[in-house]
Structure formats: C-alpha cells, structure tokens
Amino acid sequence: MNTSPLLEVRNLSLSVRGPRGTRTPILRGLSLCLESQAVHGLVGESGGGKTMVGKAILGVLPDGARIDSGSIWFDGQDLTLLRPTERRRLLGRSMSMILQNPMTALNPVMRIETQITDVLQFHMGMKKKAARARALEMLEAVRIRDPERVMKQHPHQLSGGMCQRIVIAIAFACRPKLIIADEPTTALDVTVQHQILRLIRELQEQFGTSVLFVTHDLGVVAKVCDAISVIFAGTILESGTTHDVFRLPKHRYTQALLDAVPRYDRPNRLLQPISSTLHAELFDEIVNHQGVSAA
Amino acid sequence: MKSLCLAFPLRGNARMWLGGGVLTALILVAILAPWLAPHDPVEQSLLNQLLPPAWFAGGDPNYPLGTDALGRDLLSRLLFGTRPALLVMLAGAAASALVGVALGIFAGYFGGKVDAVISRVLEVFMSFPPMLLAIVLAAVIGPGLMTVIMAVIIIGWTRFCRVIRGEVQALKEQDFIMSARAIGMRPLRVVLHEILPNVLPIMMVLFGLEMGRAIVVEAILSFIGFSSSSVATWGGIIADGRAYINQAWWVLAAPILVIIIMVLSLNAFCDGTQQAVDPVLQR
Amino acid sequence: EIGPTLTIAYNIAPPGFDPNSGSYATSPGLQSIFKTLYDPYIGQAEDLSLQPGLMDEFSWSPNRDKISMRLREGAFWHDGKPVSLDDVLWNLRRLREASSGNPLSTVFASIKNLTTQGNVVTFDVEPWRANMLERFTFLACYLIPPHYYEAVGKEGFERRPMGSGPYMFDQFERGSFLRLKVNPHYWGPKPAFDTVVFKFIVDPAGRVAEIERGASDITLDVPYEEYERLSRKTDLVGVAHPITDIALLFLNNNGIMEDANVRKAAAHAIDKKLIVERLHRGMATPIDTLLAPQYKGYDPSITTPYDPALAERLLKASGYSRDKPVEFTIQTTRGYKPKDYETVLAIVEMWRKVGIKANVEVYEIAKHFELRAQHKLAPAAFYNWGNSTADPESSLGTAMVMNSPHASWQTPDLDGRIRPLFEERDEAKRLAGYKAVNRYIAENAFVIPLFQFYQPVIYKRELTFTPHLVGHILPAKIGRA
Amino acid sequence: MNANVLFRRLLLAIPTLFGVALVVFVLLRLIPGDPVAMMIVGESTPEDIQQLRVQFGLDKSIPHQFLIFLQDIATGNLGTSIMLKQDVLTLVLKSVPATLELAVVAIIISLIAGFLFALAATYWRGGILESLIDSINSVALAIPEFLWALLLILAFGVMWPVLPLSGRIDPSRSFDFSTQFYLFESLATLRFSQVGELLQHLILPATALALPLLAVIARVLKSSLLEANVQDYILLARVKGFARPRVLFRHALPNALLPTITLTGVNFVFLVGGTVLVELIFAYPGIGNLLYVAAINRDLPLIQGVTIVFAFIFVIMNFAFDLLHSALNVRARH
Amino acid sequence: MMQFDVKSLRVSFPDSARKRLFKPVPMIEVLHGVSFQVARGDSIGIVGESGSGKSTLARALLRLSETSGGSICFEGQELIGLSEHELRPLRRRMQIIFQDSQSALNPRLTVGSIVAEPLISNGLVKSSAQARDKAVELLELAGLSESFSKRYAHQLSGGQRQRVGIARALALNPEVIVADEIVSGLDVSVQAQLLQLLDKLRKDRGLTLLLISHDLSVVRATCEKVIVMRGGDIVENGMTNEVFEHPHQKYTQRLLRAIPLPDVDPTWIHRVQLEESAEPA
C-alpha cells in the first residue's frame, strides 16, 4: 500500500435544507481513504449517502446542500478550502465522475464528438484536430464500433450501453487521477455489465487512475474492487481490502449485507434481510452518539 | 372530491399569503364598495374637474384621490371598479379554464380522431387576431362587460387547451395511468382521479396568468370603447384618463397602479399556491 | 425656422382621392385635402361668403331659376393642360349621374339644360333648390381633368389623382402620410410652401406629441386641456374658433319621446353653459336652435332656458319623478367628436337629477348612419351636424324633414311646415319661414340642440393661419409670419 | 426533416384554412344589421338596395353564399372594399409587409431582451437582480400594449425627443422601393441610411408590442433553464470543470431553446393581433390600421379579407416555426 | 387447465421515424410470436438482455398494450379481442408491478390513496374510513408502517416505492402478479425483504408470480421456472434448476458466465471471456 493516499475525506458532515429552514443531516462525520491507482468500492444501504459523498468530493452539490464540517484532502490540498474557480480547474482534468444514469447524463442536443472534445479542448488546451483524434482514441478504448459514425450522432440514437461507454470515455478523456463511478452498471444486463466493468478496470490500469466505485452489487465489488467501504446513514461503518472485508467482516451490518446477497450457485440458501431491529439500533447509535462502535 | 383533498393539504407560503391577502382585500372592497366609497362612482360634479389627490396643492379632502374630467371621485370609481374587475377576471378566466381544460384533457387523453378535431378547432381559433374577434363580438352582442368576458374566453380557452393537452399527452405515457387501467378503473374516473390532480398545478399558474390577462383585455376593449360604459371599470378609467395625461397624470396612474398590484398579487397567489399545495414541488 | 415643407398633423386619413364619389366624398374632415388638390367651382371665404374660384363669375338669373358661371381664364390642370369649358361641362354632367358614385347626385340632378356661351355655362335648377349656388363651393363637386381620368381610369386616378388645385399629388402612404408639391400652374396666389405633408395621426395624443415635439408645424382637433397647455408655450400659437359643426341630441318619434313632457323636460334639464364651460373649457357656444350665430336665419330670441324645476314639473305631469324615473337609452359615439361621450355622460347625470334615467350605449358612427337610415335610433342619440353652407336648409331642413335618411324625428306636422320652404324663392320669406319653424321645433323640443363646436388649432409661431368657419386647414392659405 | 413530413404539415393547413373561412363567414353573417345598409349613401330606392343585394350575392341561400365565398377565397378574389372601393386582396397585400416588418422587429426585440432577462435571472439566481427582473416581467405583462405605446411616446417623443413618433418613413424624404418590404429591401440592397431611418420609426411601436411578449419569453425560458439546470447532463458539464457561464450558454441554453421557440411561434399571432392599436397610435400603415378602419366602418369585405389573409399568414408562420422546431429538435431527427 | 396459455404472441409498435404520407405507419415488431404456459401457483422468472421485450411481454399479457397477433388464454378465456369494458372484471384478478416505480405512482396522490384506489374503484369497500384502514393493512403487509400512508411518492426511497406498488397490486387479492424488475437499484437487504414477501404470498395464497429481472441470482432464488428471452423471442424455457445447471443455448451460457458472484476474485474480470455480442442497437 502507498503511504500517502490520493484522497482522504476526514470527518465530513453535510446537510441539506429541510422544511422551514431546518437542516437535515445527510453525511454524519464520514471518513474515507482512497489509495492511488486502486478501485475502491463504496457499498451500503440505499439512501445512505453514497451519491452525496461523490458530489461532495467533486464540489457539485445540489442546491441547498452544504458541507458543515470536515475536510477533503486530494493530492495534498484541502478541497473544501479552495475557491470555486480553483476547484473547477481540478474537475475534468484531475477528477471526474461517471454518472448513474447514462441516458440522462449526456446532453441531448450535442453531438457525441463535441461532448468528448470540449473537455479536452478546455482542459488540455488541445486544438480541435488533436482533440478529435483523442476522442476517437477514447471511443476505441471503450470498444465503440465505428467510432467515426458515433462521433456524429446524438445520444438518443445510441443504446444505453453505448451511452454508458461514452460517459466512461468522457470521464477518462483527460486521464484524471480520480474517477467517481456512481452505480455505472445498474439496469444493464449482466453481459453488458461485464463488458463495462472490464473496461473500467482496463482503463484504470492503463491510465493509473483511482476509482471510487459506488454500487449495490456486492458481486461486482468482489470482482473489481481492491478495497471497500460500507456506508450507513452517512457514516462509514467499515473499511478494508476487499479480501479482508469479505472474508472477515468486522461490522455486523456488513455481515448482514453479505448474508442477504442471493447467489445463483446456491439456490437453496435462505435470503436474510437485515432485521429492522438491527437497522433501528444502528441508526440510533449513529444519530445519537455520532460515533461508530465496531462490533 | 376526496382525492383532491387528499392531494392538496395546504401549507404556508409567503407568496401565497401575500398575494392572497391582497386579493381578499380586493374582494372585500368589492363587497363593501358602497360603504367604503365616499361618493357615488357615477356622480359628477363638473365644478370639481380633475382635482389632484387630497395631499397635493389644490386637492380637496372630499376627494381623496382627486377627480376625473367629469368631476367623478376617482377613489370611489376605483373602489367600485373592483366589482367588474373581479367579475371579468373570475367569470372570464373560470370559463376559459373550464372549456380549455375539458377539451385539452379530452384531446390529450383520448387522442386519435377526437384529438385531430380539437386540434384543428384550436388552430382555427388561434389563427384569428384576438382584437378582431372582440370587435366582431362587440358588433354581435353590443359593447359591455359580457363582450369583455366572451372575448376573454374566446382568446383564453386556447391557451388552456394547448398546454393541458400537451401535459395530458405526457402524463398518459406514464405507468400510473396504465396501473389505473390495470386495476379496472373506468376512463372517466381515470380522468378525474388520476389526470386532473396532475394538471391542477399548471392550471393554477395558467389561471393566474389568465385572470391578469382578463383585466388587460378589459382595458384594451375599454380603450376602443367596447367595454361597459355604464359602470366604472379600471380599463375605462385608463381610457378616459389618458387624454389628461399632461394635466392630471394621477387619473391615469391610479388605475394602472391598481392593475399592476392586482396582476402581481394574482401571479404571486397562484404561483405561491401552486408551490404550497403541489406535493411534487415540495421536495 | 420652418423649411420649404409644411407638415400638418391631421386627424383623419382619406380612404381614396376621387373627391366626387364614394361615401367619404361628403366627409367634412377630408375637404381640406380635396380643396388643396382640386378646385371647387366656386370659392368660399373664411366667413363662408362666396368668392371667385375656378369660376370667376357666378350668379342666379333674376327670377332665380337659372344659374350661370364663367370659367376663369388661365387655369391649368396639374399636367399643364388648360382647363376648358368642355372639361367643366363633362364635370357638371358627371355630377348628376348616380352611376359615377356621387353621393349627392340626387341634389345635382337639379342641373338641367346645360347651355354655353363663350366661357359661360348656364343651366336650369329643376327641381328648384334654394342653396344651389352654395352647393358648388364644396362637398362632392370638385373639378377633375376628364382627359386624365379617362386615360388612367378610376383605379389609376385613385392611385395618382390630378386636379387644378394649389398643390399636386406627390406620394401617399395609406394610413400614414400624403405628400403634395406646389402646383406651378396654379391660377391663384403662389402658396408659401413648396411641399406639404399631411401626417395622418388619428390618435389625439399622437397629434399633441407631434406638435409639442416640433415634428409637425400645425395640428387641429387637439383635446381642449392640451390646447390650453400647448398654447401657453412660447413657440406655439393656439386659436380656437367657432366652426359650422353643431352638437345636438336627436330624439326619435317612435316611443317614449312621443310624450312632449319628456322631451321638454329633457331639453330644460340640460345646463349647456356648464357643459361648455367645464368640458369644453369655454370653447363652444351653447345654442338653442339648429343654427349657429353665423348662419342665415339665426334668431337669438328663440331660447330653451336651463330650468331643472320646470323639467321636474313637466315630468310630474306625465307621472315621472326622481324615484320613478322615465327610462330610455341614449346613444353616442365616443371620441368621434371632442368630448362627445363625456357630454352625454354629463347630460345623463343632469337628467338623473330631475327624474330621467338614461342608459348610455356607445356605437361607431357607421352604426349611427345605419340605424338612422332605418329610423331605428334610440329615443335619444348624440350627433354632430356639419353645415358648411350656413344655410338653414342644409341643417334644420334635412335634419327634420320626413322620409329623409338623415332625420330622426319624422312627423307630418313638422314636415308640412318645412317642405314648402324648399320651394320658396323669396329669400326674405324663406328665412322668416325657417325662423318660425325653429321656434315651433324649440317649443315642442323635437330635437335638443346643444352647442356649436370650436376648432382648436395649434401651430408654430413662425406661421400665419386664418381660421375658416368650416374648420378647414388649407395649406395654400398658411403663410410665414 | 424530409419532403414528406413537410408536405404532410402543409396538408394539415387545409382543414385549418377551411375552418377559418367557416368561422369568418359565420361570424360576419351574425353581425346584426344589413351589410347593404352600409353601402348606401344618400337617398336610395328599394330597387337600388335589391340591386346591391344581388351584386353581393346576398339574395342567395346561406350555404350557397358560403360556397361562393369559398370559391372566391380559393381563387384569391376577396371582393371589393365597400369603403375604399378597391380590391381587397391588393389593399391587404399592400399593408401586410409593413405589419410583418413591425412584427419581426418586435419579435427580435422581445427575443433578445427576453433571453437577456432570463439568462441574467438564472445566472444570478436568488439575488436582487432576479427579483427585479421578475417584477419587471410582471409589470410588462400587466400593462396593455396601447398604454406602453402612449408611455413610450411620452418618454421618447416628448420628454426626450430622440425618436420619430409616427409613420413608417420620414414623409419629407423620397425613397423609391420596388416592394412594400421597405426594411428588408433596404437591407438587401445595402442602403444603410434608409435602414437606420426605417428602424428609427419602427423602434417605438415594436417595443410597445414587444414588451408583453418579452415577459412571456423571459418567463418560459427561465423556467426551462431552471429545469435544465437540475438535469444530469448539466451535472456532467459541471463535473467536466466548465465555468458557470459556459455551462449556462453551451449546455443548458440549447436545451431550453426548444419550448421557447414553440412558445414564440404561438405568441406571434397574439403579437400581430396587438398591432391594431399600436399601429393606430403610431400612425403606422399596416394591416392593423386597415383592420381598425374596416371594423369601425363595418366594411364587410375588407374585414373578411384582412381576417383571411391574417389567418393565412398565421398558418405559414406556424409552418415556419414547425420547421424551425424540428430543425432544432435533434431528438426527433433521424 | 393452464392459467395462462400464450400462443405465438406478437407485439408491434408504430415506427414513427419511418412514417410515410398516405401509407399506414410502418410497424416494428418487438415480440416475434412467443408461446408459453403458466400454471396456477407457478413462479416464473423472465430474464434476458436489455430490450429483449420482457416488459413488453408483461404488458401484452395483461392486455395493457395492443397485440398484433397470437392468442392469450386466461383460464380458457381468450383475452385478445375483448374490449376494455369486457376486460374490466378480469383485470382485478391479474396485477402488474411496473419496472419504473417512479412513473408508476401518481405523483400527486398520497401513498394511502394510491393503495386505496383499487378498492374504491372496484367497490370493494363501503366507506372511505374502511378504505383507509384496508390501505394501511396492505402497506403493513408490504413492510411499510402506517406513517407512510400520508407521504407522496417522491418522499420515498426506491425500495419503498416498489413496496407501494406491491401493496397496490395486492389490494385486489389477485391471482397473478407480474413483477417487472422490482429489485434493481435496491440494496441487497431490501431486495431480500421484498422477495421474501412475494414468496410468502405465493405459498399462503397460491399466487402466480412472473418475475422479470436482470439478476439471475435473484431469479434462481425465487423462481421455479425460468424463461430466457433475446431479441423478442423466447430462447430457453424450463425449470430453473434445469436451465441453470444445463443451459442449452449459448446465450444462456453466456449470461450465466457473466454473473459476478460475491467471492473475491480480482482475475475474474479478465478471465471470463464472453464472445462480443453484437452491439445493442
């Protein structure tokens, strides 16, 4: 393991505007540490704040959301202290994101070509021609057939899988150090999912990028991630290498999650949903004590 | 309708309260006009023409906002003017909404031939300059508030119909309409129960715009003399007052101000209500 | 300093340029333009007295059954061709033909047996008309060049009209402006300006803005309030002069107005002086007969005094009171004449105080004509009667005689008193007859005369302008100060 | 877009035009009072009236009259104006260009200003500027066009006299135009001094017309922009590190354009409808002026003609906006 | 008698992109004649690539979209050709839970009234109070507490929305439920919860379940039979165990190979080779 992590989120608290001026906490003292050149899985309950962490790291929070405390260290600087313009300079070039829904993530009125080249021209100062060449290269890298033709098309003319690949191509275009991939394979069938996972892994290895991989699918985590963090109600319950966590989960929630995974190769195993008492207990612990006890 | 009540529990909202307050005040003024107004709105006093408001030099405290060219009390005329204004606003906008929304839902939901016919009719009505329709109307039923209301309806229903039709077409594609069919709901109930609550918010906004528009149409028709000449209307005061803009700007300014306040509070009320009651906007 | 162009902000736009045909030919407001482009047979001075025009001599025969007129030497059409007596004959014959579209062809049908001698044309007047000579001063009787008209046809003439007047046509933009150039061949004195532009600005506020800002040099028919303000300005001059337009209330003999008490009460309840003073800022003269003081046959002794108490008594006699008012509709135009609508509102209010409840109905002037022709006007209707010959026949005559499309009150008794006057050739007797009829009308309140209009004109101090009793703005007569 | 779609769109215009003709016919036959009574001047006999009735086909049955009416429209014969005694079609076609130029300039003004307002309000969302722009919009909507016209005259004609108050061109100057499209012709022939002159005359009436439309455009564009702003593709644009103006202009605006264009097309008809009063006040020689004169003089053939030509223009405009719409709508392209 | 007997069912959609003047709109066929049978109490999983026509099949089966050929027999009664009016009494016996839970719930009705709606419109309750009670009962059955009944769809998480859909489907006590992709996007714990509920209902009430899913593990865990679809055709149809153990079709084999199991294996991603399938168009 490297000594200096690429990204370190320390004790991050974030809240959104609630009704009548109140604030609803979303992240409660969340800490996360991402080594460079690794794929880090982020799993946990739905609504636990996975997407929000990603947005907070990139500084593209929705209206009404605000970081209350904590810091985000990236490449030796605290992102929360940067001015918006300085921060923007990092986006696209040093860190990027693969959005959850590929069909809506692409601008419907722009050609694919523009959507890839504009980020290259903007950040790398490339000339139009060079940017185009790079875009073609990227499309080939994500295994798009007939990239010349696709470059001229609009998103609605492409299938979901193709859109997903293009979003990945855009994310990798400037060879950023960090990519946040937010559930990039939900709603795709397993064969397409396999292709995309392989693609991300390949690109990650080729460009030496780090990936924060948000997903529900523990199977996917097991196959592509080097490390894993388990999130619940805006805090990280447990972090570790994939190997360790899957073998010996430390937290009872992690254990419960693993127990709930259906496996086609073990058809007779009874699925065990997390009991509501465990859920309530955990929630109570986190919200009331703001601390996490390792079980 | 139970579902509607379920759908819209009221919640507070500053814009709604502000706009609603002004509107309530205006409705009260309309009801209480005979007691509030210091004079009969048609009573003339040729000896007291174009008096300035009371606080200006030469003003008469008997006529707080001054008088018009026939020496009629401006304040009383403005107060009484709330009555036709409310009438035109409510009757005109309500009828436009009724016609437009009914046809819009019909066309949007049933599609096919029904839609084709309604769309053609819509296009035909939108091909006429509204002014021309108003003029012809005035020629048919004579000038008066009825003409104004009819003109508002003829122009207004098209806007409702067009917007609602599009909205319903989009709604129809959503699965909850299909689930309504899947549970064996009758078409009429689907329309009333599933579609209507979803077009109500946009209707609300359109309704606010339309009510404001009704006042403006009244003013325009007053200007060309097709509105009522026997009752005091705001548009009528403007039409009368514009000749004296250099001598008595207040005759013109007062009703314009009232109309602006009215339109602003209408918009505020309707937008605010929409925001307050529409569960979808609450997130 | 005004350049070679005179710009007039004018209140009505001509629909077309054939001065002798179409309904607009009789529109008084357009005559200023027609008189500038064309010559009438006989000229008309500012006080309406006849003066030499294209015909430099004209007269009735001693027994007043023939008229002769002499064509002036040295008159030319705009294209430089001389005006010949044949041209005059062509024009006179055309006047009589209904097919030419002349709205007054029935009047001019009295021209019979045209004969010529040298430069003089003579004709019989059959049936006889007392004001036949005055008829030749304007309204649908301008001379147009036959050779040109026949060459270009009606359409062509409308597009590019030609006459013999002081100015000739240059350019016309419908609804916007008309530009005229000075006629180098004009027989009369040379006008002061080389070019004249009529800007057609129907909206009074627009005309006020035009003159105030100096974009136009002269304008008319400005609102009275604005008149006072503008005429106080150092660079502008205002004149408000009486014109041959009178405001009146037509009463209709087909209903409530058959009750003489109601009619008389309605007449006595109107304080014309107050209306004139307050609404017209004094720029109108109250009248009690259909004649203005400048007209022939005017009799100042016929009066209908303002007497609300009397009005109330009269109504009481018919069983009406303030609590149980007599109710009827009063029709009016709005904005057609200055303060028309306001005047009616003021009258309604005055009536209300004595027990008459009148409901105001606003209509367009075209509707008024239509209703009047069908004898379907409301019991009371506001109207404005122009009479630019100042002869009683063309105001109270046509306005009160039975079966006339212009009359609202049509009863045989009145008809029997007016008709004979049409035939009366003794001028003194004729005028005396009209005075008597006027008194009879006033006593019975068959019509309610209101006031004589003034024409408020505003012009730049650099100009000279002489008011004309018909209200004309004649560019040829406007000079530099 | 292919020729087929184009042609189908054009075919749809036929029932619309038929409907327009029907409505015009019905409405105008409803006007109480005899159209013939209007045509009579002076004293006339019942025979004269009957002759006029025959001349105008008023003696035939109503369906027959309608058939004749349709036939006339189809052959471009809109009759002769009663008041002006001229061919209606020629009259109307002569005034249409002026109105079209006015409408086009008004649309341009309202588009430019509306876009500026909406963009500014979106960019500085939540600030004073946004509330200010919203209030201006509401006021623009609350005041009718004719009042704007009067206020503009007062402001720019009298208090600060910089612009001409009436007409279309300066009457003391002679221009020769071969078409009625003065502005477009001057632009095409590069006579810029004339363009300036024409624009000076256009600017006030066009602004009076544009103000209410501007408010509507600003409103719709703003809400479309706000809607676009919460979409994922805007998030992606932000993730790409683009500055806010770039995100707004390059990414959000093209998407918000479509509803705005549609709406502008629909409002065009209201705008042309609004020209009646504005043209009257500014003595602008267009179709609105003609319509007003026709209406107050109850000139039946002229009212008919103006209405039908107007509807025709509307159908063409509708068609043009449809084309523009599908040109911009890449989603529907194939 | 089979509960459902589907024979060469075809579904086409108008292809508006290729519309031609004066000609009927050309159709694009998305189901090319599928046949299968469903017995009462069956649990059938439907799997297959994205766009293969799974959702289309589900809708067509319940006559919610138009079919262009074939036959659907429901307990011996032919459904195709019945009017909407004639279908209405049958509707309550078969219910569907839609794939897109967001659009399947009326955004402006509370959860309570959404669930009560089938009861009211079918006249199964006498008063609105009774409807409310019944709705709460159903929500609890689906694992949502009473407090949810006053919320709106957008105030729920994805899993909760799906559960509302289930509660609504259960309201009419149907004999068949078609559940379209109800577990994707949910964390595994919530997934397990939902699947357990359906399984329980099947056992308790003899419900027939058609479960559409991408997740073959889920299908294996829940369904006794499985249908594999590709490009609008059924490519494999049989007992789940049978199909999973001995897939006949190449496509099915590929699907199985692509499933990532939750066993840590960094080499899997490169090791598993799936021959490139044609680009999904």
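By letter and in written order, the chains are A, B, C, D and E; residue numbering begins at 1 in each of them.
Here, contacts are C-beta pairs under 8 Å (C-beta built on N, C-alpha and C of every residue); 3 or more make two chains touch, one makes a residue touch a chain.
Because the structure is a prediction, the values reported are computed rather than measured.
> Chain by chain, through touching neighbours only, how many steps does the shortest route from subunit B to subunit E take?
The fewest steps needed to get from subunit B to subunit E is 1.
> Please work out which of A-E and B-D is bridged by more C-beta pairs in contact, and write that pair.
Between the two chain pairs, A-E has more contacting C-beta pairs.
> Looking at CA centres, what chain is most distant from subunit B?
Result for max centroid distance from subunit B is chain A.
> Using Cα averages as centroids, what's the distance between subunit B and subunit C in whole Å?
Result: the chain centres lie 44 Å from each other.
> Can you check how far apart subunit C and subunit E are, centre to centre, with Cα atoms defining each centre and the answer in Å?
Distance between chain centres, rounded to whole Å: 87 Å.
> Take the average of all CA coordinates in subunit A, do the same for subunit D, and state the distance between these two points in whole angstrom.
52
> Enumerate the residues of subunit A that touch no fewer than two other chains.
There are none in subunit A.
> Listing for subunit B: what residues touch at least two other chains?
Residues 242, 245 of subunit B touch two or more partner chains.
> Under the definition above, what is the set of subunit D residues touching subunit C in their complex?
Spelled out, the residues of subunit D in touch with subunit C are 33-34, 37-38, 40-43, 83-86, 91, 94-95, 150, 153-154, 157-158, 161, 164-169, 171-172, 174, 279-286, 289-290, 293, 296-298.
> Please output the residues of subunit B touching subunit D within their complex, sorted ascending.
Its residues touching subunit D are 120-121, 123-133, 135-136, 139-140, 162, 209, 212-213, 215-216, 219-220, 223-224, 238, 242, 245, 256, 259-260, 262-264, 267.
> Quick one: in the complex, what on subunit D touches subunit B?
Per the touch definition, subunit D meets subunit B at residues 15-16, 19-20, 22-23, 27-28, 30-32, 135, 138-139, 141-147, 150, 154, 266, 269-270, 272-274, 276-277, 288, 291-292, 295, 298, 303, 306-307, 310-311, 314-315, 318.
> Under the definition above, what is the set of subunit A residues touching subunit E in their complex?
For this pair, the touching residues of subunit A are 43-48, 143, 145, 159-162, 183, 186-195, 197-198, 201, 216-224, 226, 242-243, 246-247, 256-258, 260-265, 267, 269, 271-274.
> Which stretch or stretches of subunit E touch subunit A in the complex?
Checking each residue of subunit E against subunit A gives 48-51, 157-159, 181, 184-193, 195-196, 214-221, 240-241, 244, 254-256, 258-266, 268-270, 272, 274, 276-277, 279-281.
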